[in-house]
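Order of writing sets the chain letters: A, B, C and D. Residues in each chain are counted from 1.
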Amino acid sequence: MQFSFPSILKHILKQTARSLHSSTMALSRFEYVKQFEQEEKLLPNSWIVVRIDGKGFHRFCNVHSFSKPNDLDALQLMNLAGMTVLQEFNEIAIGYGQSDEYSFVFRREASVYQRRRDKLVSYVASLFTSAYMFHWKRIFDGRSIAMRYPPSFDARAVLYPTDENLRDYLSWRQADVHVNNLYNTTFWNLVASGLSNSDAEKRLQGTLASDKNEILFSQFGINYNNEPIIYRKGTILLPKSVVSSEGKKQRLIVPIFEDLISDAFWAKHPEILDKKAKTDELYDLGENEAQPVVQYQLEMQERRKAGMNKSESGNRLLATDHS
Amino acid sequence: MQFSFPSILKHILKQTARSLHSSTMALSRFEYVKQFEQEEKLLPNSWIVVRIDGKGFHRFCNVHSFSKPNDLDALQLMNLAGMTVLQEFNEIAIGYGQSDEYSFVFRREASVYQRRRDKLVSYVASLFTSAYMFHWKRIFDGRSIAMRYPPSFDARAVLYPTDENLRDYLSWRQADVHVNNLYNTTFWNLVASGLSNSDAEKRLQGTLASDKNEILFSQFGINYNNEPIIYRKGTILLPKSVVSSEGKKQRLIVPIFEDLISDAFWAKHPEILDKKAKTDELYDLGENEAQPVVQYQLEMQERRKAGMNKSESGNRLLATDHS
Amino acid sequence: MQFSFPSILKHILKQTARSLHSSTMALSRFEYVKQFEQEEKLLPNSWIVVRIDGKGFHRFCNVHSFSKPNDLDALQLMNLAGMTVLQEFNEIAIGYGQSDEYSFVFRREASVYQRRRDKLVSYVASLFTSAYMFHWKRIFDGRSIAMRYPPSFDARAVLYPTDENLRDYLSWRQADVHVNNLYNTTFWNLVASGLSNSDAEKRLQGTLASDKNEILFSQFGINYNNEPIIYRKGTILLPKSVVSSEGKKQRLIVPIFEDLISDAFWAKHPEILDKKAKTDELYDLGENEAQPVVQYQLEMQERRKAGMNKSESGNRLLATDHS
Amino acid sequence: MQFSFPSILKHILKQTARSLHSSTMALSRFEYVKQFEQEEKLLPNSWIVVRIDGKGFHRFCNVHSFSKPNDLDALQLMNLAGMTVLQEFNEIAIGYGQSDEYSFVFRREASVYQRRRDKLVSYVASLFTSAYMFHWKRIFDGRSIAMRYPPSFDARAVLYPTDENLRDYLSWRQADVHVNNLYNTTFWNLVASGLSNSDAEKRLQGTLASDKNEILFSQFGINYNNEPIIYRKGTILLPKSVVSSEGKKQRLIVPIFEDLISDAFWAKHPEILDKKAKTDELYDLGENEAQPVVQYQLEMQERRKAGMNKSESGNRLLATDHS
């Protein structure tokens, strides 16, 4: 069953289109090339994951002397860039970052750019990149690390039709950080203890998780489970209503360091999967109030409150308006 | 007709895959989600145009006080970012920029990222963005314009099967800059002469190109054809072999300001459409040697020649190595 | 995280591929064209609906003197063709036919042709077409209607990520048959009563369902709800375990005439949405045992039982083996 | 540059859409599911090849006792089905059939179904299938081969951006028929001479074309090049203006048996690649006038001329009107 608009309306529309074009006759000869644009729209009512990945970050880390196996500042910079993306899109249900990658999960019903693949994928990559560069100084000025060349990221969009598939996707990324971080932690401790890179590699070949735990513990006195959780679990970003230590209630992008593979996580944060779940419940920031992502947002609010001092307004703009 | 690999090899491969995975058992439960990634590959042997577009640049221009209707510095910054993209991909045949957009034309035979759409589109957007930010100071420090918030760009990929379609695409963009720039030049002159924005808009409603030329000439003494060509025609970027004023032959990304709609342009630069066309012919930079895009490249070469002074190496890295 | 196969294996594979090709050197020069095939695979874990539609069936119905507004035989022929498709694919959860269209719902986990779009869409269209022609005689020989030209159908594939979306899709098609059939029944009764086609059209313009019901009842003494349910609701096809009147338990494709918009339908047939739902429960064919779709299957089984009489084996093949 | 329609028109359109829907309120709740249809349109200005392939034709050939390695009647039936497809679409430049496959090449500028992939692929598959069945009797009645179960075909669409790519595609298919037919001819001669299938296979393992030619010649006295050209080269179908032996000029779908890999073929039939090439030149049917494809068309024209005898009109419809 199909409806067609009354022909009178069609006629009016055509006339209008024609007159609008009349001023651009010069263009009309070539305009047909626009037909070659094929705008794929992502399937409705499916979770959209946009994952960005650092390009050539092995070298980027070396050139900028990032610590190994983890550089806390570099991770915090990733988190600030991730925060910027969540601030821009209120249709993101959850962000998850680890190493040089970040996943942004757009809600099933998200209508951002009419779900056009090219636009979404390229804009998230661009926005993440610019935020990463914009926040560089804030993070690295203390260590006097100047950006020696600009970083870049690629992105891809993946659709997940069910909540279970989405959870499994996030679990996959968190299992990945575990496997990699355990390996890298052991590897770099071996190297620090005097082994060459290739000897350390050989030492770890074929080892199981338990073997690596054993090496860490017996050789280096390290209990892997006591390693900082941000290294072991990555960073989850969620929009939450919080009360800061000053007692003000507000909406912030909050960094969370938890196991997201277990059901407990999803029971605790029901609004991720269900938009209608009560989210007015206050989230207790706890010690995460000290996280750069939180501090940055509080600072921006301070500035805004303090008035529109020109020298501060740059950051203000960043924090509030990404239309 | 289809060949299958001998089953013995299949067996070996499976075994290998299995053992590789054994160390990552933790991952295996969730790894199935990778199957949901659908990597579209762009049709072989077709021109790929990746066009980036500024997001919300109307506001970005206002906040950073860019001149209207054209800000030469802002265009030069776009050109430096475009140059960076051409330096990164040797499979780009031509770049074309105007206003807040830039088109990059990848050769028919380009194999970049196996022609994967998501990767190509997102990476070009990210690279352009980071280069734009990286070169900001070089361009705007003289005018003391600080970046108040990070810019961003989206991108799309469009396929053109024939050379004619590709030429028409580029002609379309160049016709577009003509139509817009003539309008904007007249509009802002009217506004500068005292009209309100809406009165200027009304004044121009329904006018033809000839009308606008007439307004410019009779009211403001402006011969539109004498306006700077970069405003009227946009910027073409081509890789060329040049001899600098110092007499050294080298390969540079060269900015060119010409009409590309006419056949003459394509006869003059045959290597765009035909990779095998002689390109060892030297291109005479002429007065374009003064262009920031050229000056930047020459400067980087100077530094490289002068040795690896640490304080200079950041830019060096940018200019030479985008692997 | 990505694994690459040991390079030695890559080498072996390449060598093998090379030698396999050596016997077909003639082909090798042109074989590159295979790279242009872009096989879209339908998103995993989503319902796939393949809907076929008659091409030019308005004329086909006229040429073959089908009754209006409904021709029961023509609908039964559609059902026999639909049955053939369900017999071919055990991954179809439900079929739904009305007018000259048929929808086939492949399960979320269906792996048919690796979910390749072109193959699935074209094969279902082809199979439906050939079955429609094959069963023609069985249906129309009684009325001596010879096929005067071959019918054809197009098909499309649509993905539905959730069970709710799928139910709404089927409800949409069943609501469509209601709207159309009520209109057509009233229209053709008006025409039969002497109105010209265009007068009947005018009479119905702007009428609501209630108006049409009223016309049917007051003018023609027809209670629409007493019209045959196959006209009002279309035909649902489900694989069911049944006991025929002869007492033999077996698996058949069963035609069902019910409202599928209500929850009751889905509670009654839980195996549609949930593959693991008990389906060993026996389905009572009731009066539907007389349906051609059932009679045909029973007859084929009879023949098979009776032995492989050559003259019968054609149909046997059709009914049992569509590998 | 983008135009938006005046908001007043948008408003009118919305209102209209709303009122049109009011009569179908029952549908409106579910109609949203239509948004899930993603209609891929094939890239403009590219050659579209739709290739159909027999499903399970190995078994179909056995069941219907087709001769090996080639059954001339079966090939002629394929050709009649291919002819029907060319009659239906005047945007097909060339058809090419071999074995159980047929390729249809739609012109670069073809606008059939707005180049929608699903529709094109499924309809060609359906049309080919129904024509194959429709013509069965004409071909096989002489041999008293009844169709024991309906055949089916799948189809795929492939885009080729250049004329060279298209020629290489067709060359690939014709090289394929050569390789296969030489193999099969030798294989079945070996089997006919007493070898088991597996012994014949072993005998041919690793042999080159020259080896097979040698076996055919020395063992069976067969000069492969004297084998019927339809077996060695497949069938090309082209629309041509011809003069039949009766002297009447007309437009027919003509079967041609030539080497299409060489340039000579393309020089002889320039209208394939260039729609504007003179095609009013008369094509000399020669001995191909005896081909079933030609005989069928001439016969249909006879009937039409003879008047609209009812019993003949079915075929008439087929031959003339596939709207």
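Observations
Here, contacts are C-beta pairs under 8 Å (C-beta built on N, C-alpha and C of every residue); 3 or more make two chains touch, one makes a residue touch a chain.
All figures in this text were calculated on a predicted structure; none of them were measured in a lab.
The set of chains touching chain C and also touching chain D is given as A, B. When chain centres are defined as mean Cα coordinates, C lies farthest from chain B.
Both copies, chain B and chain C, contribute mostly matching positions to the interface they share, with over half of the numbers common to the two.
Listed options A-D, B-C or C-D contain a single repeat of the A-B interface, assigned here to C-D, on the basis that more than half of the contact pairs agree by residue number.
Rounded to whole angstrom units, the spacing between the C-alpha centres of chain B and chain C is 51.
With centres defined as mean CA coordinates, chain D is found 44 Å away from chain B. Multi-chain contact residues of chain B, defined as those touching 2 or more other chains: 1, 24, 27, 36, 38, 40, 43-45, 159, 165, 176, 179. Residues 1, 43-46, 108, 159, 161-162, 165, 176, 179-180 of chain B touch chain D in their complex. Residues of chain B that touch chain C in their complex: 1, 3, 5-6, 9, 12-13, 16-17, 20-21, 24, 27, 35-36, 38, 40-41, 43-45. Within the complex formed with chain C, the residues of chain D that make contact are 23-24, 26-27, 29-34, 36-40, 52, 55-56, 59, 63, 117-119, 121-131, 133-134, 146-160, 165, 168-169, 171-172, 175-176, 178-179, 206-209, 313-315, 317-318, 323.
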